[in-house]
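Look for chain A in each of the two complexes below; its partner is chain B in the first and chain C in the second.
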Partner chain A sequence: MGKYLLRRILQMIPVVLGTTLLVYALVFALPGDPVKAMFGDKPINAAVAAQIRAEYNLDKPFIVQYLLFLKNALTLNFGNTFAGQPVISEIGRAFPVTIKLALMAFCFEAIFGVVFGIISGLKKGKWYDSVILIVSLLLISVPTFVTGFLGQYFLGVKWRLLPVTAGSDPGFLDLLMPAMVLGSVSMAYIIRLTRSEVSSNIAEDYVRTARAKGMSNRSVIVRHVLRNSLIPVVTYLGQDLGSLMSGAMISETIFNVHGIGFLTYQSILKGESNMVVSIVTLLTLIFVVCNLLVDMLYAALDPRIRYA
Partner chain B sequence: MSEKNNTNDKLLAMQREQGPILEVKDLKVDFTTGDKNVVHAVRDASFTVYPGQWVAIVGESGSGKSTSAMAVLGLLAGTGHVVGGSIKLEGEEISGDTRRQYEHLLGDKMGLVPQDPMSNLNPVWRIGSQVEEALKANHMDVSHEKRSNLAKALAGADTEPQDEDQQADDDETFIGSKELPDLLEAARQALDEAGVAGKKAENVMDYFTEEWIPGSETRWRVADDLIKAGVAEEKAWTIAKSYVLGSTMTDRVAGLLQEAGLPEAATRARQYPHEFSGGMLQRALIAIGLACRPDLLIADEPTSALDVTVQKKILDHLQSLTNELGTAVLFITHDLGLAAERAQHIVVMYKGQVVESGPSLEVLQHPQHPYTKRLVAAAPSLASQRIISAKEHGENAEKLMEHHVKGEETLERSEHIITVSHLTREFRLPRRKEMFKAVDDVSFSVKRGTTLAIVGESGSGKSTVANMVLKLLEPTSGTVTYEGQDISGFKGKDLLDFRRHVQPVFQNPYGSLDPMYSIYRSIEEPLRIHKIGDKKSRAKRVRELLDLVRMPQSVMQRYPNELSGGQRQRIAIARAMALDPDVIVCDEAVSALDVLVQDQVLQLLNDLQAERGLSYLFITHDLAVVRQIADEVVVMQKGRLVEHATTDEVFDHPRQQYTKDLLDAIPGGKLRLGLD
Partner chain C sequence: MSDNESQESMNTSSTLPGQERYVAPADTVKLQDVDSIDESAPATSMWADAWRTLRKNPLFIVSAVLIVCVIFVALFPGVFTHQDPNFCQLEHSLEPSSAGHPFGYDTQGCDVFTRTVYGTRTSLSVGVLTTILVVLFGTLIGALGGFFGGWVDAVLSRCTDIFMAIPLLLGAIVVLQMFRTSGSVWKIVLVLTLFGWTQTARIARGSVMETKNLEFNTASTALGSTPLRNLVSHIMPNSLASIIVVGTTSLGTYIVSEATLSFLGIGLPTTTVSWGGDISNAQTILRTDPAVLFYPSAALAITVLAFIMMGDAVKDALDPKSRTA
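And then the complex of A and B:
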C-alpha cells in the first residue's frame, strides 16, 4: 500500500509539469498583446512598454518564460499580476469562495442525488420513478447557463426567495442558488447512476440469499442493496468534487461569485499568463489528489480491490 | 444393523405421526413477460416432503423445478407469482403469505442452499458476518444448540424424558473458545487420573482437540467423549459442566462453518468471498442455510457449479449433517443419477408439470413417462457403456485409418497426430519467489481419428495443456508436435495453416460467441480470415455446416442471445468445423450443459468423428462423460500426469488412488439399474 501511494504521488509530477506547460503555451498563443491592452486607449509609450515587458519577462522566448515561472513557482513565488498584486494573494482571496460554493454544491448533489436515486431504483416503473427520470433528463440536457437564468428569474426576481447574484463576499444564502445550479447536472447523473445500481443489485442472487435467511426487508436493503450500490456512486462523487472546483466558471460568472472560475475568466481576458497557469496548476493538483483519494476510498469500500 | 433398522422404523413412525412438513398441491406459478404475455412456469405441481426425508425434484433447465422451490420459499423472482394451488408448511397454508409473514418462516423454518456459490454471497461483506446475519435475523441463541422438531421427537422416543427441560437444554450448551484450553487441560488431568497414559492418551487428546470445536460441540458430547475415553461418569460431567459454558457469536459462526466442512473456520470467517474457491463458498452457503436449524432445507442444485470430486464431498457432508440434525431436504437437480443416489423420493418435472413421482429406485428402474425414460438414458452418471455410435465409430475409425494409410502422401504421416512430450509450464505468483508449476513434465499423444481425454479437477493443469496444444500459450519447456512438426517454430503462414487444422471448442458457449455477430457471421468468420472461397461459396458452406450440426438454416440471421446453451455449443462446433480441421480441442465443451443437451452434443461429436475421421483432445473434469466419448484417458493431478491408459482400463482397473477417487465421485455410479 505504501509503495503504491508513493508511486501515485511520484506520478503526479509529470502530470503537473505537463499541464502547466500546455496551459502556458495556450495562454502564450492567445492573440493580442497584454501590454498593449494595459494602455487601453492611451498612446503607447515604447520605453514604458519595454520596461513592463522586461519586468514580466515578456521579451524572452516562450520556453525561457516557462522555465522562469517554474523556478519561481518552486519557491512558491508565483509572481505579480500586471496590476502589481501578488498572484498568490489574489488566489487566496478567491479560493475560499470557490471551496464554499463547491462544497455546498457537493452536499446538494450528494444528498438529493442519492436519495432520489434510491427511491427511484426501489420503486422502478412506478409514476414516481418516471417523474424523477424525466426531471433528471431535463437537468442533463439543458445547459447550466439556462438553468442559471431560469433560477435567477423565478427564484430571484419573480418570487424573491433568494438573492439574484452573490457579490464579492457571499454568505450561505447568497451561494445557495449558484450551488444548486452548479450541482444540478451532477445530481441528475447521480440519480441515474444510483437508480440503475439499486435496481440491478436488488435482483442479485445474494439479495435473495439474504432474504432466505429471514432478514427483514429493511436490513436486506440497507446491508445488501445500498452498501453495494453506493460504491460506484461514492467514487463518482469523489471525482466530481474536483470538477466542481474547476467547473464553477460558468455559474460563478452568471451569479457574479468572485471565486476561482471568475478570476480565471478575467485573467484569460487580460492575458495574465502567470495567474492562469498558477490557477490551473492548483486545480490540477486538486484534481490529482481527489483522484488518488477516490482510488483509496474505492479500495476501502470494495474488498475485491487491492492495490499493490 | 438392527439398531439402525430400529431408528429407521422409528423415523417412519414419526413421519407418519407428525404428517408431512411440506405439502404442495396443484401449485401454479405464472410469469408475466414484458408484453403482458403470461408464461405458465409451473402447472398443477404436487409433491410432499416428510420430516427428515430427502426428496429430489429432477428436470431439465426450464422445467419449473427451481421455480417450484422458490414459490415454496416465497422468493419468486421478478414478475413470478403463485396463481393457484396450495403450499402447506407443517399443515399451515403459506402460499398467500405476505413478505413480512415469510420473514418469520425463512431461516428458522425453511433454509435455502442456492445454486451458484459465486453469486450468492455478497462480495463486500466478510463470510463470517454473512453467517452472523442469518443467526441475528432469527434471534438465535448462539450459546446453545437448537434441535429440530424431528430430532427432539426422536430423542424423546429414544430415551425416557429427562428430568426437566431446563436440564436437557443445558446439555446442549456449546463449548466457548475462551474456556477451550482449560477444558483440554482438565481433560488431560482426568485422563491421567483414569490411568490412560502414553501413546493412547496422546491419541485421545488429539481426538479431543480435533472434535471439540467451539460453537459446534455441546456439553453432553464432551461428557460422552470423556466417558468413552475412560473417565468416570461423574467426573466427566463435572468437567463438562464447569468448562463448557456457552459460545460467543464469533465461536458459533466459526462452529457452523466448521460443521459445513470448512477447515480453519475461525480464520476463514474473516475472509471475503473472493478469497474462497467455489467449493468453499458452497460450504459457507450450507452453513448459512443450516444456521438456524430449519426443519426444511431447500437445496437448489447446490453442487452443479462444482467439480465432481468436490460435489461428492459436499453432498456427503450435507447428507450427514441433515441426517444428524433431522432436517428434511428438498433437493433440486438436473441429474437423475445424483437424485437417485441421494434422495428417497423422486419427483420428475417436465415443462412445468410433475410427470412422475415415486420412490427413487422405482422411478429409476421402471420409468413410466417417456421423458423420465429419456432422462434415465441420458444421465451421464448412469450410462454404463459408451455411446453406441462411439463403439461403431471405433471400428470406423480404424477403417478410416487403414484407408488413410493406403492413400498417397499419407505414408510418412505418423499414427500420432498430436504428440506432447515433457511439457512444462510455470507461472509466477504474486509475492512469491518460487515459480508455480501449472503443468509438470506431461507427455502423451493423440492417435489419428481417436479421442484422448484429459481428466482432472480444476487446477490440475488440464486447460493449460490444452492452451499449449492450441499454441495460445508457450510452454516453459517441452514440445508439442503436430504431424511430426514442432509447433513452437510455427510463424506466419505455417501458424495460420496450423490454426486451420487444429480448432478449439471452449467451455462457455455464452462467452465464446461474440454477441454482436449474427450466427452466420460467427461461422463464416474463420472462412473469411483464411480467405477461402467467395461470398457465395462461403454462404453455401455455412449452410452445410449448420446441417452438419443439425441446426436449421433459419438461425443464420439470429444472434447468440436468442439461442439456448446447447444450440450455441453446436454453433461453436460448426465454427470449429468450418475449416475442415483434423483436430478439435474441446476444453470442457459439454460441462456447462444440461444432461440431455450434453448427451446430444456428445452424440454429435461422435458422429462427426465417425464421418470425418477427426481426432479430439477432450478436456473435462467429468469421468462419466469420458466414458461416453474417449478412447484413451490421461489423468492429471496438480500439473502431473498420474495415469494414462485406455478408457476401459481406467474404468475397470484404475491404478492410482486419485483415479479411484475420481471414479467414486461420479454420482449414481454405484446404483444398480434394471434398464432394458
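And then the complex of A and C:
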C-alpha cells in the first residue's frame, strides 16, 4: 500500500505540471493580449502597458513566465489581479462559500441518490421504480441552468418556499436551492448506478447461498447486496466531490452565490488571466487529490483489490 | 452445443464399470431449452444478436422514433415552418400563441416555434460532430496506449490524465473566450472534443487491454498475423461495443454542454439560432412569460432524453450479462 501510494503521488507530479502548463498556455499564449484587453476601448498608454507587462512577467519568454508562476504558486503567492487585489485573498473569500455549497450538494446527491437507487433496484419493475427512473432521466436531459430557472420560478417565486438568490454571505437556507440544483445531475447518475448495481448483485450466486444458509432477507440485503453494490457508488461520489467545485459555476451564476465558480466566470469575462490560472491550478490539485483518496478508499472497501 | 457433446463423451469414457452415470433432473437443466436451439440456423454474430434484442426493446423503439424525427427536423426545417427564424417584429413582442404561431412570440417578436424548429440543426450538429471526433480521437489514443503498453501507454495515459483534470466547462470557457464573435458550430465542436475525449480514451484503453490477452488473438498471431492486423481486425471490433455505448450516451451531454456555453454567453452568438441561446434569452422574462423558456428547453430535453435512452438500450443489447439480470 505504501509503495502504491508513493507511485501514485509521483505520477501526480507530471499531471499537475502538465495541467497547469496547459491552462497557462491556453490563457496566456493563445491569440488575444490580456494587457490590451485591460484597456478596453481606451487608448493604450505604452508606458503603463510596459509596466504591467513587467509586473506580470508578460515581457519574458513564455516558458520563463510559466516557471516564475509555478515558483510563486508553490508559496501560495499568486500575485495580484489586474485590478490590484491580491489573488489569494479573493480566492480565500470565495472558497469557504463554495466548499459549503459543494458539501451540501454532496450530501444531497449521496443521500437521495443512494436511497432512491436502492429502492428502485430492489423493486425493479414496480411503479415507483419507473417514476424514479423517469425523474432521473429527466434530470440528466434538462440542462442544469434550466433546472435552476425552474427551481427559482416554482420554489422561489410562485410558492415562496426558498430564497430566489443567495447574495454575498449566504446561510443554509440561501444555499439549499443552489446545492440541490448543483447536485441534481449527479444524483440522477447515482440513482442509475445504484439501481443497476443492486439489481445485478441481487441475482448473484452468493446472494442465493446466503439465502440458502437461512439468513434473513434484511441481512442478505444489507450485508451482501448493499456492501457490494455501494463500492462503485462510493468511487463515483469521491470523483464527483472534486468536480462539484468546478461544476458550481452554473449554479453560482444563476443564484448569485459569491463562490469560486462565480469568481472564475467573472474573472474570465473581465480578462483577469492571473486569477483564472490560479483558480484552475487549485481546482486541478483538489481534483487530483480527490481521485487519489478515492483509489485509497476503494482498496479499503473492497478486499479483492490489493495494490502492490 | 459442441461443449456439451464433448463433456458427455468424456463422462462416458471415464465411467468405470459398476458406476452409475449421474443424470441431472430434467427441470434443472432445462433440456427443452437446449433442444429448442435450431442448430441448422446460421451462426449469428454479436451484432446480429444485439440487433435482435434491440428490435424487441420498447426503449429502443421509442428513442429511435424520436431520434429519426429530430434528424428529420434538423435536415428539413422548412417542412415545418415557412417563416425565417431571424424574421422578428417588435410589435409582436411576447404575444401569446395564435393560429400559425403555436408557441407564441419572444421578447424580440420572433416566432418561438420557428426558432425552436431551426435550433434543432445547431444542437444536433454539435452533438453528432463532437461525438464523431471524440470517438475517433479517443479511440485512437486509448487503443494505441492499451495495445503497445510500456512507455507509449505511460505517456498517453499521463496526457489523458492531464486533460481529464481540467473540467470540460472550465476549459471550454477559457478557450471560447477568445473566439467569441465566431458563429460557427465548429468552434464549439472542437473545444468540446479537446476536453471531452479522455473518457472514451480510458474506456478504449481498458477494453483493448482486456481483449489483447484473449485466446483468439494468440491464435491469430500463431497463424502469422501481424500485431497491427490483430489490432484492426480482431481487437477493435471486440472493443467497439463499450465505445459505442459511451458515444451514444455522451452525445446528449454534448448538446447540453453547447446549450450551457451559449447560456454563459460564450457559446454561439445570438445570430446563430440555437436552443441554448434562446433559453438564455428567455431567462430574463422567466417570471412573467415562462412559456418562452419552456419550448426550447423541452425540445432540448426530449432530444437529449432520446439519445440517453438509446444508449441504455444499446448497452442492454450489447451486454448479455445485464439482460438476464
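Brief remarks follow.
What we mean here is this: the second predicted complex is superposed on the first by the 293 of 308 C-alpha atoms of A that agree within 3 Å, B and C clash if a C-alpha of one lies under 4 Å from a C-alpha of the other, contacts with A are read in each partner's own complex, and residues count from 1 in each chain.
Basically, a contact is a pair of C-beta atoms (placed from the backbone, for glycine too) under 8 Å apart; a residue touches a chain by one contact, two chains touch by 3 or more.
Remember, it's a predicted structure, so these values are computed and weren't measured experimentally.
By the touch criterion stated above, A:G125 is placed in contact with neither chain B nor chain C. Using the contact criterion defined above for the overlaid structures, shared-chain residue A:T284 touches chain C, although it does not reach chain B.
Touching more residues of chain A than its counterpart among chain B and chain C is C. Shared-chain residue A:I231: touches chain B; no touch with chain C.
In the superposed model, A:P43 lies in contact with neither chain B nor chain C. Look at A:G2: by the touch rule set out above, it reaches neither chain B nor chain C. Residue contacts after overlaying the shared chain place A:R223 against chain B, while chain C stays out of touching range. When the two structures are aligned on the shared chain, A:P61 is found in touch with neither chain B nor chain C.
Of the two partner chains placed around the shared chain by superposition, chain B and chain C are both touched by A:A203.
Taken together, the two structures place residues 203 of chain A in contact with chain B in one case and with chain C in the other. Every residue of chain A that touches chain B in the complex is listed here, in rising order: 203-206, 208-217, 219, 223-224, 227-228, 231, 301-304, 308.
Those residues of chain A that touch chain C in the shared complex are 11, 14-16, 18-19, 22-23, 26-27, 30-32, 137-138, 140-146, 149, 152-153, 157, 196, 199-200, 203, 243, 246-247, 249-250, 253, 264-265, 268-269, 271, 276, 280, 283-284, 287-288.
For chain B in complex with chain A, the residues that touch the partner chain are 73, 75, 77-78, 99-100, 103-108, 110-112, 114, 116, 119-126, 133-134, 137-138, 272, 274, 285, 288-289, 291-292, 430-431.
Contact residues of chain C toward chain A in the complex are 158-159, 161-163, 165-167, 169-171, 173-175, 177-178, 252, 256, 259-260, 263-266, 276, 279-280, 283, 286-287, 290, 293, 297, 300-302, 304-305, 308-309, 321-322, 324-325.
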